[in-house]
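Pasting the structures in now, so scroll down.
In the two complexes below, subunit A is the common chain; its partner is subunit B in one and subunit C in the other.
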Partner chain A sequence: MAFVALSEAEKVYIVHGVQEDLRMDGRGCEDYRCVEVETDVVSNTSGSARVKLGHTDILVGVKAEMGTPKLEKPNEGYLEFFVDCSANATPEFEGRGGDDLGTEIANTLYRIFNNKSSVDLKSLCISPREHCWILYVDVLLLECGGNLFDAISIAVKAALFNTRIPRVRVLEDEEGLKDIELSDDPYDCIQLSVENVPCIVTLCKIGYRHVVDATLQEEACSLASLLVSVTSKGVVTCMRKVGKGSLDPESVFEMMETSKRVGKVLHTSLQSVLRKEESLGPKRQKVGFLG
Partner chain B sequence: MPGNNRRIRGPEESQPPQLYTTDEDEVPAARDPTRLRPVYARAGLLSQAKGSAYLEAGGTKVLCAVSGPRQVEGGERGGGPAGAGGETPAALRGRLLCDFRRAPFSGRRRRAPPGGSEERELALALQEALEPAVRLGRYPRAQLEVSALLLEDGGSALAAALTAAAIALADAGIEMYDLVVGCGLSRAPGPEPTWLLDPTLLEEERAAAGLTVALMPVLNQVAGLLGSGEGGPTESWAEAVRLGLEGCQRLYPVLQQCLVRAARRRGAATPP
Partner chain C sequence: MAMEMRLPVARKPLSESLGRETKKHLVVPGDTITTDTGFMRGHGTYMGEEKLIASVAGSVERVNKLVCVKALKTRYNGEVGDIVVGRITERRRSAEDELAMRGFLQEGDLISAEVQAVFSDGAVSLHTRSLKYGKLGQGVLVRVSPSLVKRQKTHFHDLPCGASVILGNNGFVWIYPTPEHKEEDAGGFIANLEPVSLADREVISRLRNCIVSLATQRMMLYDTSILYCYEASLPHQIKDILKPEIMEEIVMETRQRLLEQEG
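Up next is the complex of A and B:
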C-alpha cells in the first residue's frame, strides 16, 4: 500500500486515541468516512460506478460479453475480475509495482463471489453448453487513501446494480442452426439482482481495539487486520487475516460480531442511495470527475 | 506422423474423461466431525536445503524447503526510526518470501507448472501466516525463502503446507517466537450444516464453504485465517474457528516430537 512516514510519537498518539474510542478525525471506532457513490459514469460500459471514500477513489466498469460457459458449469455464466493499480494512486505503483496488490485484490474478489448465492449466475446463461454472458468487472484504483478493499467492494456492488445486459433470444431454424437475435429496443435489458452481493468490512487491530475504515496513518499503526465479506442478511462469504501480526482468538470473535453490525448498516444505506439515484432517472445531474 | 498439426486437426485443449461422467452420487461417508487424520512428519530430509520438512496427513503430501538467510540486493536504505525496545528499524528488517507450488499430477486435473493466481494467493496466505512467528528483526537486510511443493492433494492442502513450512523453518534454525500449526475445515451443504475438521478431497469438493486456520499454540495467537463460501451467519464461522483452533492444539505434540527426533538424528550424525 502507499507509504506514509509516521514517527513513534504519532503512532502512540493514534493508539491511545483509539483506546478511548476517538480517532484522529473525530470518528468513533465503528464509523465510516463520508462515502460518495455515483453510477453510470462511463458510457461505453454495461454498468459503471465511482466511489470516493475519504481520499480513496475507485472506478469500476462492467462489460458484458458473450462467450462459452465453463465445462464444469455448463448452465451458468461467470464473472471475471481485473484490478489495475494506476500510477496516479501512489508513486509506488509505477511500472509493475502495483501488480502484486492488484492480483491480491482480484483474488479476494474472486473469493467473495465464489458461492451460489452472491450473483444469480444461471440468469447469465443464454443456451446451455454453448453461450453465456461473461461479466468482465474491471476495477481502477485512482487514488489510494486507506481502506481499499471496502471501497472496491462498494464500487463493485454499485456497478453490478447499474449493469444492463441486453436481452437476447436464441432462434433455431429448420436445419437446427442456432442464431442469436438482439432485441431492437436499446432499453430492453435484464438487470442483475444485487440483494446478496457482499461487501467487505476491514477491521484493523490497533492496540487492544479494532477500527473500521482505517486511514493510511491508522493502517501504519496496525499490525494485523481481519477482512470479512458480509451480505445484507448477515451471511459471511469470506474471511481473511491480512498483515504481519497475529490476532488473539477473542479479538477475532469480537471483530466478526462488529463486522456483522457494521455490514448491515452499510448495506442498508448503500441500497437506499442506489435506489434513490436510479429513481431520479435520466434527468439527474451527473457530478462526474470534477465535482 | 507424430506432431503433424496441419493435417490432423485435433482439439486444442484436452480434458480428462472424468468430466463427462456423472458421479454426483458419490457422497462422502459420515464421520466424527472432530477427527484429525493421522499425521506423519519428518524434518531434515533434503541435503541441499538449510531446513526441510515432509508432512503427510491422509492423502495430502507436502514437501517444504527453506533456504537463507541470503543478502538482499535491495541497496542501502538508511534505517527509519528504531522500533520500541531497540528492534531493527522497519527498512532494515528481514523479508520472508514464500512460494507455493502444486505438482502437475497432484489434483484430479493436470495443472501445468505456472499455476497462476491461485498459487500466488496461497503463497501470500503462507507468508501472512508465517510472518508473525518468525523473528525477522534478527535478520536485517536478509531474505528467507520458503518453498512448499504439494505432491498430492488429499484435502486441506494449505493447512498441511503451513505446518510443513513452520517445521522446515524450525529445522533450519531460524529464530521463531513459536511454531505455526495449520488446520483445515469444511462445511457440508445441506439443511443442518456441520463443520468438519480436516476434510478429505471429496469432502472439500462437495463443501459449501472451506476455512483454514493457523495457530501459534504456545502463545495462543491466530497467525492466519482464510475462508470462503456460503458459511452462514457469523456464529457458524465463529464455531468453525474454535473447532480449528482446538484441532491445531491437538496436532502440536506430534510436531514437537518430529523436531526432537530430527535434532537427535543431526546430533548422532555429527559426532562431537
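Up next is the complex of A and C:
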C-alpha cells in the first residue's frame, strides 16, 4: 500500500482531531469524500465503470466470455477477479511491486462474492455442465489516495450494473448436437441484478475512535482497520481485520454497527446515481478521461 | 453522516471562465517562439538556427526586449534565499551524528529552512541559522505546485483568522496554530504535543481546504489571496469547500476581490 511519511507531531495532530470529530479536511468521522462515478467508459468491454474518491481513481472492466461451468457447480456461471496495481498510482508499484497488494484485493473480492445471494449465478448458466458465462472482472488502480477497498467495491458494483450479456439460445438439431445461437440484435442483452452485490466499508481505528474513508495520512496513523462487506439491506457478508495492531471485541462490535449504517447510505447513493445515469440514455455526454 | 455521489462534470477551460480576450501564447519544448534575433533570451529558451526556441512547456512572457517562457508545471528550482519546508527522508550515519542530532531530528520530521547555496546539479544546501527556522510541530501540510507560490518579502504569515502559515517556495505549505507567545529560548527544535483547541482546528482545516481550492484552480498563493479565499468560504461548511461547484464559486469571488483591490 502506498504510504506517506509523517512526523510525530503531525500524527498527534491527526489523532487528536479524530477524537474531536474534526478531521484535516473538515469531515466528521463518518463522512465520505465526494465520489464521482461514471459507467460505460471502456468501449470494448461488456461493462465498465470508473470511480474517483478524492485522489483514489479506479477503473473496472467486465468481460463476459463463454466457458464450461465448474465441476462442483454445474448449473452456475462464475466470476473471476484480477486486480492490477498500475505503476501510475505510485512508484512503489513499479515492476512486481504491486502484485502483493493486487492479490490481496483480488482475494478479498473473491471472499465477498463467495455466497449464493450476491450475484445470481444461475442466470449465467447457458446449458448445465456444458456452457456458462464467465465474467472476468478486471480492476485497474490508477491513483492511490487512501481507502482503496471501498472505491474498488463501488466500482465493481457499478461495472456489474453496466454489464450487458448477449442473449443466447441453445438449439438442438436432429443428431443431438447442440448449437449456440447469438441473437441478431446487438442490443438484445440480459442485465445482471446488482441489488445484493455488497460494498466494502473500511473502518480505520485511530486513537479511541474509528473513521470511515481514511486518507493516506490517516491510514498512516492507524494501526488496525476492519474491512466489512455490507449489502444494501445492511446485512454483513464478510469481515476482515488488517493491520499490525489489535482490536478489542467491543470496538469490533461498534465498528460493525457503524459499517451497517454507513453501508446502507452508500448503497442508496450509488443506486440513485446509477439510475440517474441510466435515465440520461445512450446519448449522454461521456466525460471519460479527458474531461 | 454525509455521503455524496455524483456523475462527473467536464471541466471548463479556465480562459472561458475568466473571460480573457487575449489568449496566452502557449509553447511546448522545441516550438519556435520568434525568428526575430533582436530579443534577449530569458529562462526557458535557447537559441538555435537563427531562431528562439522554447525548452519548457508553458506560456511566453515578453517584457520589452526580454523573452522568457514561464513553465506551467515544474519541479522546484532552488535559489539562494528561498524559504523551503521539507521532510527528512534520509540522514548521514556517522557516530557524531548519532550522538548529537537524533535527539532533535528524526526521519519523517518536517523542518523549515533557508537555501544557503545551490550546486550545479540543482541540489541545494539549507541552513536553519535563525530562531524562526527549525523543526515544525503540530499542523497540516499541503503540497502544491512550486510555480503557484508567489515570491514575496516574507513567507511566514500570521493570518488574522487565527492560524499561521509558511509558504515554502518548493510548494510545501505548512499551516499551524499561532503560538501563544513567542518563545525566545525554545530554538525551534522542541515540538509541543498538547492537543490543539477545536476552534483553532476549524480555522486550520478551513485554510487547508481554501489552499487546496486555490491550487486546483491554478491561482497564485500569497497571504492576501489565502485570506480573501478564507473570508469567501465562511458562509459554507468546511467540508463543503472541496465540492467542485462551491470551490469554483469561492475562487471566483476571491479573484473578483483581488482584481478590485488592484484596480
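The rule we apply is simple: the second predicted complex is superposed on the first by the 291 of 291 C-alpha atoms of A that agree within 3 Å, B and C clash if a C-alpha of one lies under 4 Å from a C-alpha of the other, contacts with A are read in each partner's own complex, and residues count from 1 in each chain.
Convention: a residue touches a chain if its C-beta (ideal position, glycine included) is under 8 Å from a C-beta of that chain, and two chains touch if they have at least 3 such contacts.
A quick note: this is a predicted structure, and the numbers were derived from the prediction, not measured.
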Does subunit B (first) or subunit C (second) touch A:177, or do both, or does neither? neither
First (subunit B), second (subunit C), both or neither: which does A:260 touch? first
For A:7, is the partner it touches subunit B (first), subunit C (second), both, or none of the two (neither)? both
Would you sort A:238 into first (subunit B), second (subunit C), both or neither based on which partner it touches? first
So, A:37: does it touch subunit B (first), subunit C (second), both, or neither? second
Applying the touch criterion given at the start, work out whether A:270 contacts subunit B, subunit C, both or neither, answering first, second, both or neither. second
Now for A:52: first (subunit B), second (subunit C), both, or neither, which partner does it touch? second
Show me the subunit A residues, by the header's touch rule, that subunit B contacts in one structure and subunit C contacts in the other. 5, 7-8
Going by the contact rule set out above, which residues of subunit C touch subunit A in the complex? 1-11, 87, 89, 106-110, 136-141, 191-193, 195-196, 198, 201-202, 205-206, 208-209, 237-239, 241-244
Once bound in the complex, which stretches of subunit B touch subunit A? 15, 19, 80-81, 84, 117-118, 120-121, 124-125, 128-129, 131-133, 208-209, 211, 216, 219-234, 237-238, 241-242, 245
Complex contact set, residues of subunit A against subunit C: 5-10, 12-13, 16-17, 19-20, 22-28, 30-38, 52, 212, 261-262, 265-266, 269-270, 272-273, 276-277, 285, 287, 291
What does subunit A use to touch subunit B in their complex? 5, 7-8, 71-72, 103-104, 106-107, 110-112, 114-117, 224, 226, 230, 234-249, 252-253, 256-257, 259-260
